[in-house]
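One chain, chain A, links the two complexes that follow: it is found with chain B in the first and with chain C in the second.
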Partner chain A sequence: MQPRPLPTLSLIVLHEARILVRDRTLLLVCCVLALMVGYGLFVGLAQATLRDRMVAQVLKHEQETQTANSGMLQSVLAGQTALIPFSNPANPAAMAGTLSGRYATMLNAPLAALAIGQSDMMPNYYRITYLSKVQFMYDTEIENPWNLLSGHFDLAFVIVFVLPLLVTTLGYNLLSAEREHGTLRLLCSQPLSIATLMTGKVVVRMLALLAIVIPVPLVVLLLIRPEARGAEQLVLMLLWSALVAAYTLFWFAVAALVNTVGLSSSTNALIMVALWTILVLILPVTMNLAVGLVSPAPSRTELANRTRVATAESLREYEDLYSADYRYASDPEALLVKNERIEVPSRMRAFFLAKQKVDERIEPLLKRFDQQLLQQQKLVDRLSLLSPAILINEALTSIAGTDSHRFLAFKDQTEAFHQEWRQYFSPRILESRAMTIRDLSSLPRWHWIEMPASEISWSIWWRVILMLALASVLGSLALARSSRLSIE
Partner chain B sequence: MFAIIAAKDLRELTRDGRLLWAGGLVVMLMLLALGAGWNRQVQLNSERSAGQALDYDAWLHQGYRHPHDAAEQGMHVFKPEPSLAVFDPGIGPFVGSTVWLQAHRQSEVKFRPAQDATGLQRFGELSPAWLLQVLLPLLIIVIGFNSVSDERERGTLRQLLSLGAPARSLLFGKAAALASCVGILIAPVGLAFAVLIVVHLPAGERVDVVYRIAWLAAGYGLYLGFFVFLTLAVSALARSSRAALVLLLGFWVAATLIAPRTASEATNLLYPTPSRLDFDDQLARDVADAGRKAWSTHFGARTQWDPSVPLSKWGAALKVDDEAGYGALDENFGRLWDTFERQQRAQGWVGLVAPVVALRGFSMGLAGTDFSQHRDFSTAAEAQRRKIQNIVSEDLIEHADRLGNAHFTYKAGPELWASVPQFKYQLPSVSFALAHHWASLALLAVMFCLSVALAQYALSRPLMR
Partner chain C sequence: MLDAIEVTKQFGAKRALDNVSLSVLPGEIYCLLGANGAGKTTLVNLFLNFLQPTSGSLQIGKLDVVRQPLETKRLLAYIPEQVTLYGVLSGLENLAFFSSIAIGEHLPRQRLLELLEAAGLPRQAADDRVATYSKGMRQKVGIAIALAKNAKALLLDEPTSGLDPSAANEFSELLVKASNDGVTVLTTTHDLFHAKQTGTRIGIMKQGRLVEELRSEEVSHADLEALYLQHMKS
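Right, the complex of A and B next:
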């Protein structure tokens, strides 16, 4: 009689589930996973809240500075306040610099709690003034370097590193245990193919793991983060689930394949751990090294040297302005606004012009840094095909919006805004035009343009398909081999 | 008896495929890491020392200029890479190496290499230290998990004991075999690397580096020894080889992979790191407060630009302002850095369950790439900045303040620039590192002794269960 695969499969699933529940291994593994997922999510949420709060604080700060500036400007124009050159809002050079209070900010993506990614290192706001880029673009978030080195215990870590190990715990002896207990022989005497047996065993285990790792974070996010409820976010969540499922399937397929070789349980466990070590630990660090070697970042020492040369040149260029007479401390009347004109102290004008010149001169070098980083990122995107761990890590961080791509985009947009900020003030400073109340409300405003969601989801779909393809190749190989497995 | 057991086990292990493949991979990775690290270091160090010399030269030859504007150009100083950074880059990728010393503000060490890298950096850095800390314990477990249990399962243990082999010889024989397997893999590469490094150093620094290498060898010896004895103990205690393997792998995953991350999360809750915004705000407030106080005591003025402080006092005012700020800077940065160090010290306790945490701190300390040595550099750089500022202010008081409103027309010349000494930074010596990390070493020694005791207990129990 031909075995009927589907009813048999459900029978095995049921049977296997019963054994696993009695055995308590499954329970233990599921508890460990639930604990880790919970903790990882907690860490991710804490970090996301921290960054949310920072942006909120920055925006409040900006608001307060604006109010203070316009109040000050009103009283200056009415002649009620003593004039101080560096904090006179009528003076465009002061507004562009110390008084600016303008920030470029990037909000957390709605799913930021799913992966911390680069967000503990890269800034999510920049203070915009006329200062040179070298002076403000390299400020980073404050974090203990030791902790950066250790990495965070976030959900992405649980999925990329720990989940495969739990799969190994559940799957290293799929068939070998049956053989060692002598029950494989018994099972083979039934109208049942080993392929069906193995599929049934994998299905139970996989469903148990996925039932924890997928719904828990998503439900929690939907409950406590209202911004995660949009249509786009739901698509991303779907993608996230598909990705996690595909990665889990990949590791089960590996376990199945290893089991079809017909070695002992201990050897299977060793092989699984070796594969995990190579794919998750060794390949990523080796590739990190390789990426640095193939596409090295330009020298930062050279940037420092160029900055010095550029600064010296601009100091020389505006020497006259720098050393002009400075009578504003003893003669504050000189700072009065007359016919919408104001005398911009020449030293302040010199600062503005000099910083602008410095940026112009080092721009080509900074461009090279950006290009090199993009180059590296492209290389990583390509190399990620070699290691499922890299593939999934990149995808998880890009769903969470904490990947390098998004931070690079933020940096680019900030640079453009910085340029706009300077261009707004440049004619005012050069033509000595005083700031008016109207001007204060028409200052350039920052708008963060989010990366197109379609672009993100396309690149993730592509990764999901790739991972599924990899898993199915390994899986079908395992199923094909299973028919030739020796039962002794 | 001891020697016979060791020789027999060693022969068995070398014939086994596990050692060959896993060991081969580790050695290959080690060579790759050393090669890449060495190459990088040579390049960085030559670049930085050239950059430093060039920078000072430019400072000396900047021509006639108002001293305050000279401080605007400032000076760049570069952190030299300690020679053992090739072995353990430590926190290197996550801290910068360049400080631009400018007027008015304490500059931070900038340009973290991790900023110029992709997200892959967060998987870790392939370094010899990483291999020894993470992969070698795994190797010891993989080749040693069945060294006692297998003898029992095959019945050879019974024969061995019937020959009158004492448990102690059995334990130390097996340990010696495992240890020499590890030794065969790392000793040649390690020795060659140590010699290479020492030979390339100027004679004055050699003794220090040799001491460092010796201490590192001791630390790693204790750490790997811990794993050797733990493996043997578990192999003797567990019911079967399979159980021993599962237990040991579980411990390895928990101790080397999960514990460091959990520890850093936990200490972050215990001693929270301020956000950049909070830190900057607090610093700005403190500096402003200190400044206001100093202004009112020295000049009876509320603000810097009060009409009662004419430009003829600008140099003096600058001096008062800067010096008032020093206290606030020291306090704020000191508090931040103390938080970092407190976090790390708290994590030291995790070393009691996960020795890798203790070893990591010890290793980067002795390699000269830990936070305390980074802090030492930052402090030295800030001292240099203050030196420049003081020289500049003194000169302004002496020459420019007499000119009144024409204050900024004053120009100083080469003699003033030459009075600022070149920045020379001496890496702290080995005793500095030991003073910071002796506790980690003691912890490793305790863990090692505990594992030996456990193994002795495990093998002295009746083995014929």
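Right, the complex of A and C next:
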């Protein structure tokens, strides 16, 4: 008679489910997981909503400023409003700087609530004026230091850190408990391989955990965030599910392998906790140190010092313009628009030119910084293959659109827009061309270009495949060892 | 039906079994006697493939135990010295699970109750949790599991150690009935009386070797006891 692996496996699954339900272990673990998933998702949603609100507020502010400027310009051009030197909307230097400006904004990705990632450290909007980019791109808000130290308790944290502990809780005694209770001998006297027994035990435990950790966040997102319902997002959700399942399988494979050593349940638990500490805590920290040593982060102090030097040199270069008299104080006529031309106050012109010069001088250093950051990111990407925790964290943040790659893309696009903004105003300021109503509607507009979905999918797919390969290798090893296990 | 061919089992420096050969024919009840550590349970473990022999081979129904573990386990039922079951399940649920694993199908409740009754478990205890059972009651569920399997061979490791004399007697009757139906039985025991009364053949083991084999009808209770003691002292 041929062996009947499938029915036996289903019998083991049903039996295990009944045992786990009866002794309430599963119920307890599932409740803990559900609470953590719920809280993690709440934190993610709250953060995403906060960022949405911030972007909406700055865009509203931009709109209001534009409307006010337009009204003011019409009034100034019609000679109905008294001229104010530094708030004159007809003056291109004022419009390029303090009076106007655009916001470069990056909207939340539709699945942002799944992982906070870099979004608590990297800005999702910049105010673009003619100021040096060093002033606005490297001068971001200071986060709560405690949050920066520990990270937020978001869904990614629950998956990367907590889920393996719950797998340990359910899996440390897969076989050892049967051996210690004495049921293993009777079980193994039946036409049942230990591999089938272990697989059945893993299947029921894994299904119980995944039944909470996968559908709950996805259903909530689909219900409350309409932008998450697109086809691309559904593919990303599928990838996210595959990734979480593969990571869970990896940890169950570790548990199965530990169980085939034939040690006691308490020793198995200790080994599992030690492995969790190494793989989830120590290895990422060690890798972080290694990255810092091999590819050091750019020095902020160096940047600050070089910026000060560049600023001082630029001020010196344009000191004649800076020291020019406020002629319009005694001669208000000087501020009037004549034949579509206006006298741009020399201090304002100097300011514009000096800031431009600072950026030109600092550019080589910033380029070196960007290269260093890029090298560091590449190294992190490569080293992430060594740590399942980093591997899954990078993939989870990619899916949520809160990974460093997306923020770097935002920074690059912002720099390009900053350049475009300056180029728009530069001839107007230098040639003293007054702003017109038509000019206001042709001001450069910001458009965030989302990273190609195919690029994101591919980077996540290979991580899913890698995680599955890791889990398969460990699982196969565990199954192979189980056939040689002595039952005494 | 059950064949051990020149089997040796080494645990490090200790030789638990030393070139043991025995053959149990269909319908025979073979009782293995011997002091603790003589190698009786090791031999049973080898037939169950719980251990692998250092040398030699074991066969059940001409199938190799190591190479075809699942196939050989379909042919045999095993009752250990202490039957340990799932405490959170009832006796009936334990029987339902183990019998479904053993025969690959779910037996109806009525059939399960009949099996428990045949093994001597009171019907009213069938739905109680096994955690509340005595050792003897658990042993009876173990017997019911073996009966459900309808196996061609029975491996028993001190099966009556937890049973009261009346239940032990009933168990012996069950064995004889099974043997009459063609079932092959290999049982380890310290109970010389039980071996003489139930066994078809008796083997005496000492320090991993099978030192004596005899047919039970050829020896009296007194002679068996004398022979056993003689081997133990030598």
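Please note the rule applied: the second predicted complex is superposed on the first by the 481 of 488 C-alpha atoms of A that agree within 3 Å, B and C clash if a C-alpha of one lies under 4 Å from a C-alpha of the other, contacts with A are read in each partner's own complex, and residues count from 1 in each chain.
Going forward, a residue touches a chain if its C-beta (ideal position, glycine included) is under 8 Å from a C-beta of that chain, and two chains touch if they have at least 3 such contacts.
All of these numbers come straight from a predicted model, not from anything done at the bench.
Superposition model on chain A: chain B and chain C are shown accommodated side by side without a clash. When the two complexes are overlaid on their common chain A, residue A:Leu315 makes contact with chain B while staying clear of chain C.
When the shared chain is aligned, chain B comes close enough to touch A:Gln118, but chain C does not.
When the shared chain is aligned, no partner comes close enough to touch A:Leu234: not chain B, not chain C. Of the two partner chains placed by the overlay, only chain B lies in contact with A:Ser323; chain C stays clear of it.
Of the two partner chains placed by the overlay, neither chain B nor chain C lies in contact with A:Leu223.
By the touch criterion defined above, A:Leu385 lies against neither chain B nor chain C after alignment on the C-alpha atoms of chain A. Of the two partner chains, chain B is the only one that A:Val285 touches; chain C does not reach it. After overlaying the two complexes on the shared chain, residue contacts for A:Ala469 are found with neither chain B nor chain C. The vertex angle at chain A, taken between the C-alpha centres of chain B and chain C once both structures are aligned on chain A, is 90 degrees to the nearest 10.
More residues of chain A lie in touch with B than with the remaining chain of the pair chain B and chain C. This overlay, made by fitting chain A, leaves chain B and chain C with a least C-alpha separation of 18 Å.
Against chain C, the residues of chain A that register as touching in their complex are 1, 3-4, 7-8, 11-12, 15, 18-19, 22-23, 181-183, 185-193, 486-488.
In the complex of the two chains, the chain B residues touching chain A come out as 18, 22, 25, 29, 32-33, 36, 44, 47-48, 50-51, 54-55, 58, 62-63, 65-66, 69, 72-74, 76, 78, 90-91, 93-95, 97-98, 100, 108, 110-126, 130, 134-135, 138, 142, 146, 241-242, 245-246, 249, 253, 257-258, 260-265, 267-268, 273-277, 279, 303, 305-307, 309-311, 314, 336, 339-340, 343-344, 347, 371, 374, 405-411. For chain C in complex with chain A, the residues that touch the partner chain are 45, 48, 50-52, 69-71, 73-74, 76-78, 80, 82-89, 93, 97-98, 100-102, 104, 142, 145, 155.
Within the complex formed with chain B, the chain A residues making contact are 43, 50, 53-54, 57-58, 61, 82, 84-87, 117-118, 121-123, 125, 134, 138-153, 157, 161-162, 165, 169, 265-266, 269-270, 273-274, 277, 281-282, 284-289, 291-293, 297, 299-305, 307-309, 311-312, 315-316, 319, 322-330, 332, 347, 369, 372-373, 376-377, 380, 389-390, 393-394, 397, 403-404.
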